[in-house]
Amino acid sequence: MRTVMAIIQPFKLEEVREALTSLGVEGMTVSEVKGYGRQKGQAEIYRGAEYEINFLPKLKIEVAVNDDVLDSVIEAVSKSAKTGKIGDGKIFVQPLEKAIRIRTNETDSEAL
Amino acid sequence: MRTVMAIIQPFKLEEVREALTSLGVEGMTVSEVKGYGRQKGQAEIYRGAEYEINFLPKLKIEVAVNDDVLDSVIEAVSKSAKTGKIGDGKIFVQPLEKAIRIRTNETDSEAL
Amino acid sequence: MRTVMAIIQPFKLEEVREALTSLGVEGMTVSEVKGYGRQKGQAEIYRGAEYEINFLPKLKIEVAVNDDVLDSVIEAVSKSAKTGKIGDGKIFVQPLEKAIRIRTNETDSEAL
Amino acid sequence: MQHIKTISKNIGLAPIALFLATDQCFASEAAKLDSGDTAWMMTSTLLVLMMTIPGVALFYSGMVRKKNVLATAMQSFAVACVMSVLWMIVGYSLAFTDGGAINFFVGSLDKVFLHGVGVNSLSGTIPETVFMTFQMTFAIITPALITGALADRIKFSSLLLFLSLWMLLVYAPITHWVWGGGFLGDAGVLDFAGGTVVHINSGIAALVGAMVLGRRHGYGSENMAPHNLVLSLIGASLLWVGWFGFNAGSAVAANGSAGMAMAVTQIAAAAAAVSWMIIEWIFRGKPSVLGIISGAVSGLVAITPASGFVGPSGALMIGLSAGITCYWGAVVLKHKLGYDDTLDVFGVHGIGGITGAVLTGVFAVEAIGGTPGLLEGNVEQVLVQIEGIVATIIYCAIATFLILKIIGCTMGLRVDKETEIGGLDSNLHGETIQ
Amino acid sequence: MQHIKTISKNIGLAPIALFLATDQCFASEAAKLDSGDTAWMMTSTLLVLMMTIPGVALFYSGMVRKKNVLATAMQSFAVACVMSVLWMIVGYSLAFTDGGAINFFVGSLDKVFLHGVGVNSLSGTIPETVFMTFQMTFAIITPALITGALADRIKFSSLLLFLSLWMLLVYAPITHWVWGGGFLGDAGVLDFAGGTVVHINSGIAALVGAMVLGRRHGYGSENMAPHNLVLSLIGASLLWVGWFGFNAGSAVAANGSAGMAMAVTQIAAAAAAVSWMIIEWIFRGKPSVLGIISGAVSGLVAITPASGFVGPSGALMIGLSAGITCYWGAVVLKHKLGYDDTLDVFGVHGIGGITGAVLTGVFAVEAIGGTPGLLEGNVEQVLVQIEGIVATIIYCAIATFLILKIIGCTMGLRVDKETEIGGLDSNLHGETIQ
Amino acid sequence: MQHIKTISKNIGLAPIALFLATDQCFASEAAKLDSGDTAWMMTSTLLVLMMTIPGVALFYSGMVRKKNVLATAMQSFAVACVMSVLWMIVGYSLAFTDGGAINFFVGSLDKVFLHGVGVNSLSGTIPETVFMTFQMTFAIITPALITGALADRIKFSSLLLFLSLWMLLVYAPITHWVWGGGFLGDAGVLDFAGGTVVHINSGIAALVGAMVLGRRHGYGSENMAPHNLVLSLIGASLLWVGWFGFNAGSAVAANGSAGMAMAVTQIAAAAAAVSWMIIEWIFRGKPSVLGIISGAVSGLVAITPASGFVGPSGALMIGLSAGITCYWGAVVLKHKLGYDDTLDVFGVHGIGGITGAVLTGVFAVEAIGGTPGLLEGNVEQVLVQIEGIVATIIYCAIATFLILKIIGCTMGLRVDKETEIGGLDSNLHGETIQ
């Protein structure tokens, strides 16, 4: 099993969610984050002083998946989150050793 | 070492924390997240139009633990977070290669 | 590749970011979290009743890095985030199998 | 504002248009300042200003999504500023002077820059300065109400231009028709505090605006629920409180008529809130904050034209009815017809204004306002009321449409898609709320 | 509201109950409308409405946790709407007409649906419509205050039913006792603006309600600190500002008595805020926003009965005392006795009301309100004041208890545990704040 | 507040200082209570209180960062409480009694604890209690304004001590100079509602305070943008609405002068908001909420001294000018000189006050306020105005500096670095907003 963690543009959430559910992925967890990267925010001007905005609002999506669907999940996220502009974000894949569904104690692929 | 990441119902936080501290786990990190899964929110009706609420508020708990307590930690979280209803959440276990306490530069099990 | 996840004091963000960029790290993702640990909050008194504040505001920084810079990244974070007081936080290192830049489909070290 | 009537009744003067034009030339017996009336009218003036800032600003900005909060509040605030200046320069003159040959339609330019409005000029028993400022606050809130239909997608520059033109070309003339000596006042239309002038007028302009502008991106699929109804509840409360200035202030005196206007305003607002709450409880399963505050505003809108003419029981009926018709307007009609009136300006002010204008003709009590209504056997009054409604709808709809089309073709009306999705706060104003 | 007394003194009339019942039949010399008094009383009326919406709504909703914000604000708003309708239908008549044989206890049904309250009816020097609406706003705020003790756990439907019955069966009679011609007014109890009628009354009802309802889940262990005290600070400020309508408005005229009421109100509020702040600074180590605003409200509560009877120095003493007694009520007493009065309605309004009622008897100055107090040698007045307090406590406690028990046994009072933990906003109203 | 002048004109009395001192001894013909004037002045009094709580409290707390919101709001609230008590004890006496030999500088202690201010004492046509409370609200808002320059870093205890001393040693004397019989009133300085007394005074104290305190940590590098401008917009709106009490209330009557003051206040506020918005649109590329509300306040400040002396066109010019000068003060001058006036109190109130004081001398119209200005050929008035400005600046700057230095050397002025970085809310008051 793997954990796919994707940093995306906030307004892309619905598209990504639909792409994932159409693959049969039935769960995911989303958090609001601030991203620092190549994309720079507009400088904010306040009372005549200018401040660089370094951190931009992004969403982090975490999905635990079985290895067999990993590639299609990556592709689905990648396609649905793309606008082609700087700041589209990243996908990170990490190993996942164990998954448990709290309600039933089912484990691993049954828990996803 | 392992990282245990649990997605739980928000109102279960205190119980989970107590379960963990009674095991001697002295640290954890919690974030507010939105979860998508089998549990569906009540449809929200606003000015006569109905909207599905797909993402529900959850908490994500991250605990870095030594391998020897891993199983008891999983069991503690699993028990204390359970209500038996859909939406109780998941526990994910990931490998952890290194841990450092910033204040002292202690590493690994001494850092937890 | 590795993921470096650091839990730090909120007011240390700018220093950490500068330390990282001076190493050439061009991206990172930050989230607001609540930390439970040795550091205890001031008890809050409200209408004469006293409540312990267990969870304190922290920031979580996630940086995906190539293995060759891992040690310098750890050192940079560790130094810049240190105040020497309890509550400075931790650094956790996890394996990272794959990284993709959504905009370009570049992978791994090119994606960072 | 039915002071034409009241003054006429009390002191037998010609319509106020004439009255105002001449009050500086000779000191008539009647024209004596009353400190109590003046105190009440200054209070009423600031109350009606408070209805817009912060009233409407909060009512509206609480209902939008978090990315458009400041932009929405800013619209009301900027409208208040711009309309004040325009009213002082030319609006007051257009609405409240004698237009000579075209007096049935609009006034003259005799009082541009408030020429001749001195420290001793009177308007009835109060200083004309106070009357002018009181009327200014009406010329502020009417355009401010319209912004709710255009929220989330209109360009700020285009909005200001649109509403400036609208105030001068639509609001000022219609005000003149009803209160300034124009043809609707002559025809006997009852509009104590602005059911036609303010609410039907802004409601129709809102409907036209929503249709010309088109729907928001994501309308119908995305959840666009209000981000913080506490703000809207503050706004609705201040609207309610301020509405006493609006309605009881329209007596232009601190007298029995003002007192009755205050009582019926309170009753109608409460009754409409209760009736909306009950209907929503039945049909939606839960009573909502958005519902009860919308209901209260509906009742306030509907009692506006009636407030100097009906009694407590009439007010109760008008309130209960308005809660139902406006619920239908905002929740049923809108979805049926498919336009995207962001914050239901037409549903509440348009439908509520029409409900109130008609029911004024039904429940008017001769002993209270001098004119009997349908229930007292005066069938004709309902027809006169409908004449007022129809004239306003036709003129307002056509003029609003033309203004919007001209602006749309030249400088454009809507922000681009990216701005709309990213939010107006950061894109148009460079600010966000945390 | 001590206008019974003031009017009697000035024009030698029988109590207002009689006065009101007859004022339409003959035009007495005294009964002439004064535009200044009318202006002030219309202003006072809208100020007291503002105290509830948005005043109490914000004061309370800022103090609860984020999941119950809208529900808490909605309670005040809905109470305002429902009580207005009930007051118009029957409440006013019960409180302010002559009850004949049972006049010592309650009025009659002579003015149901405001029968006979016409555009020319006067109440002293102001329109009766204004007096009726002014009193309506008191009948709104009193039940609205009680909601604070029940917050976070009461069913919305049960709350509305409870407070409707309470207003008719508890508030209207007690108002009649003191101001409507009933036995406490006859006994000489001094209650200028409602220390007994409004504050002790709502405070006791709150205490009974909190005890019948039981504690919130997690009370004593979970941190239930206020989610946003900026809202509460706005609420407290609007309460303060509106309280001038409450107290100075209770002179029912714009005269020297009203002016003194305004001055002593300001002084007492400020003094109580300062004394609470200092005590908290000493005992808690830090002065808090919650503390200073609670202190200000305590002072306002305590000066309420006294506001037409004491001078500036008396006000200073009353304020300083109220800050201390109410601090003790909210911070010490509550924990000792163990009930969960969510937002300290008893601690502030109950204790503050009792403090004020007693000290009115101590600090009353004959030259100001016509009655000397203890300090001027009139020992008896303190006893009369205590009689008023005790009568109110006994009747209110028993009646409130019975109403709550009946509702509890039939439709239930509390939401279920899951709703309480999940929050009232989403579960009862289908809305949340972001 | 130019009632010295107005009353003199109307009833030919000596300056009010004398008038007040004697009004209880004999009942002069002129000294008859007017209920309309009293109604308006009670309303004005509560409006000016509302300007501070919640007005200034919100205006300021919306502009700071999330960690200092409650502390900032608390400063205004606590100042309101403490100043009320001090004003009652000694401030009113210092400002508004005859100081005998030192009357040019300050009053006496004759009315400490409001000694002799009875229920029948009159001040012109209103109760002296009302006049005293009206003046109290000015003694509240002036120190409250200063807090904006010290925000984010001052100790709460030091702030209260500083402003208490400041009110007694700076505000009360300067008030006496202009309105209480002191030398500036005698010299003929025109200050209808407090341009010098309130705004220049608080602006200069703010500037001195900001310089003595030093800059905030992170100033110039960290983004310190306002956390929630909706709060500030509510605050600005309530300031605007309340300002009618401030300016039209300063006529101390409900008459033509008050009416004109109301009209010009509205016009100047709107004009300044528009001119700031336009300049910002040009130079920053986007009009902001912070900009338009700052502009409105600038206009209100600048029209304050002029409000009883100029007409509508003068008001338009004053407003347009103030939007420009204050923009320059807050956006350009501050950065050039490098001091950290957190919320631009000097930029808006100092610069706006000076702009208004000078332009009053330019645009004064004899037919309105009795004194001609530069445009009517009275060159000297501008010089008299400048005399008032300079005297105020010199005295205020020196006295403020001394008070601050003494406190700084004894108990210290600033919180420590950790507290400042962690935020005042949790560290000073033990509370946070969620």
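We just call them A, B, C, D, E and F in the order they show up, numbering each chain from 1.
Following the convention adopted for this analysis, contacts are C-beta pairs under 8 Å (C-beta built on N, C-alpha and C of every residue); 3 or more make two chains touch, one makes a residue touch a chain.
These numbers were taken from a predicted model, which means no experiment stands behind them.
Engineer: Which other chains touch chain D while also touching chain F?
Structural biologist: Common contact partners of chain D and chain F, which must touch each of the two, are A, E.
Engineer: For the homomeric pair chain A and chain B, should the interface be classed as same or different, according to whether the shared residue numbers exceed half of all numbers used?
Structural biologist: Here the answer is different, because the shared fraction of interface numbers falls below one half.
Engineer: Looking at A-D and C-E, which one has the bigger number of contacting C-beta pairs?
Structural biologist: C-E
Engineer: Let me have the rounded angstrom distance from the C-alpha centre of chain B over to the C-alpha centre of chain D, please.
Structural biologist: 53
Engineer: Which integer distance in Å separates the CA centroid of chain B from that of chain C?
Structural biologist: 18
Engineer: Please work out the Cα centroid separation of chain D and chain E, and write it as a whole number of Å.
Structural biologist: About 34 Å separates the centre of chain D from that of chain E.
Engineer: Which parts of chain F, given as residue numbers and ranges, touch two or more other chains?
Structural biologist: Residue numbers touching two or more other chains: 34-37, 39-40, 43, 222, 225-226, 234, 284-285, 290, 430.
Engineer: So which bits of chain C are touching at least two other chains?
Structural biologist: If we look for residues of chain C contacting two or more partner chains, we find 31, 44-45, 94-95.
Engineer: Go through the chains and record each pair that touches.
Structural biologist: A-B, A-C, A-D, A-F, B-C, B-D, B-E, C-E, C-F, D-E, D-F, E-F
Engineer: Which residues of chain B touch chain C once you look at their complex with the stated criterion?
Structural biologist: For this pair, the touching residues of chain B are 3, 17, 26-31, 64, 94-103, 105, 111.
Engineer: Please give the residue numbers of chain F that touch chain A in the complex, ascending.
Structural biologist: Its residues touching chain A are 220, 222-226, 284-285, 290, 330-332, 334-335, 344.
Engineer: So in the complex, which bits of chain B are touching chain A?
Structural biologist: 2, 6-8, 31-38, 54-55, 58, 60, 74, 77-78, 81-95
Engineer: What does chain A use to touch chain F in their complex?
Structural biologist: My answer: residues 44-49, 51, 53.
Engineer: Could you pull out which chain B residues touch chain E in their complex?
Structural biologist: 11, 14, 42, 44-45
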